[in-house]
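The next block holds one structure in the form of structure tokens; read it before the comments.
Chain nomenclature is as follows: A, B, C, D, E and F, assigned in order of appearance, with residue numbering initiated at 1 for each chain independently.
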């Protein structure tokens, strides 16, 4: 993945927007790959995603499907702003009780400027949608994430 | 539920906003009830919610808990706009495969001005979060909802 | 299933109690079958269970496994009173969102003398364990069950 | 949480029982909080609940909602004895595969005098309700809990 | 979908097999679409799939994603025979309790020559993996499917 | 469990096949136990299964139910080859997100001669059935399993 040659996701969206619908559905293999790689870098502060990279050795086709379909075709769609999409993902993973993916997507949300307080609102909704145990586990995951990021940034809570 | 005497949710939020945090946590029984009733009317175009009303005869305490806690304490919180919250709910119910609640919350979203196209974006995310069967079922639920609302409005698709 | 020849479950338990543990684990094929048949009749007011009978034509081995293992080996165990066991089953099926099995086991619970009010308590617990949608669905299922039984008994609510 | 000033849950229930229904639904904010705190102390041998306390710093509103709604409004209801309620909770969490909450509620059950053998019966039911993997995981969780409590009590199995 | 111009899936596989791995990952948009359409026709006795066609009006992008990714990229992979793959799908949907998708994939399995008796074996496994209720629901779904197909073929059971 | 005296599963099947159906349903307690023990040894390279053995002290009746019903009655059935059955189990546990049981059954599959590449195909199906997070978790579990077995065999990947 030659990072230097990849245009930013925002630039790409500007191009895609010119002929959006069909371009998305009928993108070439190259365009899909590039779009997926641009999405992950925009979500992950310009860096490769460790879970995804960890799959490449044993499951290269799965890593490609994630890049091309999940990131390129789906997360690369225009039509909903990235903040709302991450909050929707956080809501789904909190309700499903999938803590590792909740953590990854809550991290993306923070990278995109979502406030910690907004993520906490999703936890309150989760008490209603899926019960208190799921909400409590989500709260614990977010607390751990907030603490890790503060530690990495060298700041106090 | 004397609808005439209930102030609108937006008016209430304006008041609540003056002393938000503590007021919410320590609201009196009356305030919680009133806040919950205001929320449901704002989401449901000023009308009572049929599922909720259907519970009152056999499960009055549950109907009260929904009004006071789920609607009043949780959905009545400030801190996230109502549109985002509904999209988060739609995302959770699509991932969980709960079609009746997906339909109710997608209806609220449309009432609040969310576009059909935005709801469709949640379906695309659901293919990634929870697989194609869940997404297909959500698509079928939304199609039925869109058709019902068009029929009720006397319009063609 | 020659009903006339089957001793009641309570009579059987009295016998089993004499040498409980090993007898259960090492029951003969005949004893397991008879114990399972006795359990279903004690739960279902002396009658065959329609879901189970419906399986016999296409899935006879499954019907036998339900009778021998699920009913005979598990539900036929001493060690927890039948009322508590049914409430535990109702709680599990409410949390899992399995309405048909919730209805069957709530019916058994009523047959055993559990009060409607006790079943309603499980619904309140379900709001905490698994969220309001699961609890609301369980409430609707119980309301339908209560109404059917009142209609069958020719009584008013 | 001034523990010294909190009346026991049993004493509170005696009071509440005088005018139960309405008092529960329309309890003041103070009464709900107090009732929730009394419940947790009765379940947890007079001590604060570590998971709940861990939420207070980052999620104070969630900790309050747990205390007021989950513990005060729901677990503080009369209408089902505490033993049955804990067995119902253990059954739900075993079927859902939620080991941390299964462990907490199985611990409460033991605190209330439920026998280890009764908890094991729920595991047998779980093989039927939710399959052998869920039951095996529940058995492993209970074994770990039993061992921890024996170690804490300085006794041998 | 011009059916006349679509080569059969088996013919396509023969071609793909020449340079399998990379060809799959880097197929052009046209090739992916064609491969997906060939897969569905091979599974569904040469006919369009009603659920998929039903999505085209409101959710055309989703219908395309199903064709291109789910059918083309995934179900179009070599590496596992189609019979085993359908039995794996039936096993997953039985365990998840998704009856509509269980029915569709059990129908594909029968189309591919899987015996009714083999599908019944999956139901027995489901009692272990996911419990008796899931297995009983799967048995009821298969019974209905078997009956529909016999009725359509004008045969007696 | 006197391993030396247990005939192999294949030998047993040959015997069972003589009068299969009824023999299975009406096997004596001894035959069921022996059949279950033969199954586990055939799946697990002639060795006892650690999870099962770990249950014997606290949950002896559950260990017996696993041996007699899950292994003896279900996994000991003829009617589907063992490879297909393990792939069906892997598919179910991947979709359910149960990593420990996925690992155990993927290990059995490898013991029976299923190729790593075939297990990877199930992961691709899981992206469709249950979404990318479940598939990614399954991929990580399989990678860990493959690595452990290579390490145990003293080979390089």
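Annotations
Quick note on the criterion: a contact is a pair of C-beta atoms (placed from the backbone, for glycine too) under 8 Å apart; a residue touches a chain by one contact, two chains touch by 3 or more.
Listed by chain with UniProt protein names: A, B, C, D, E, F = Carboxymuconolactone decarboxylase family protein.
What you see is a predicted model; the values in this text were computed from it and never measured.
Annotation of chain B and chain F: jointly contacted by A, C, D, E, touch as defined at the top.
Each chain's centre was taken as the mean of its CA atoms, and the one lying most distant from chain E is D. Taking shared numbers over all numbers used, the chain D to chain E interface scores over half, which places it in the same class.
Using mean Cα coordinates as chain centres, the one most removed from chain A is C.
Between chain C and chain F the centroid-to-centroid distance comes to 30 Å (mean Cα coordinates, whole Å).
Work out the mean CA point of chain B and of chain C, and you get 36 Å between them.
If you average the CA atoms of chain C and of chain D, the two centres end up 25 Å from each other. Under the contact definition stated at the top, the residues of chain C that touch 2 or more other chains are 61, 65, 69-70, 74, 93, 101, 120, 124, 127-130, 132-133. If each chain is drawn as a node and touching chains are joined, the picture has every node linked to every other. Residue ranges of chain C in contact with chain B, taken from their complex: 97, 120, 123-124, 127, 132-133, 135-137, 139-140, 142-143, 146. Those residues of chain F whose C-beta lies close enough to touch chain D in the complex are 51, 54-55, 57-59, 61-62, 65-66, 70, 93, 98, 100-101. Across the interface of their complex, chain C is touched by residues 69-70, 74-75, 77, 79-80, 84-85, 87-96, 101, 117-118, 120-122, 124-130 of chain D.
Residues of chain A touching chain E in their complex: 21, 24-29, 61, 64-65, 69, 73-74. Residue ranges of chain B in contact with chain F, taken from their complex: 127-134.
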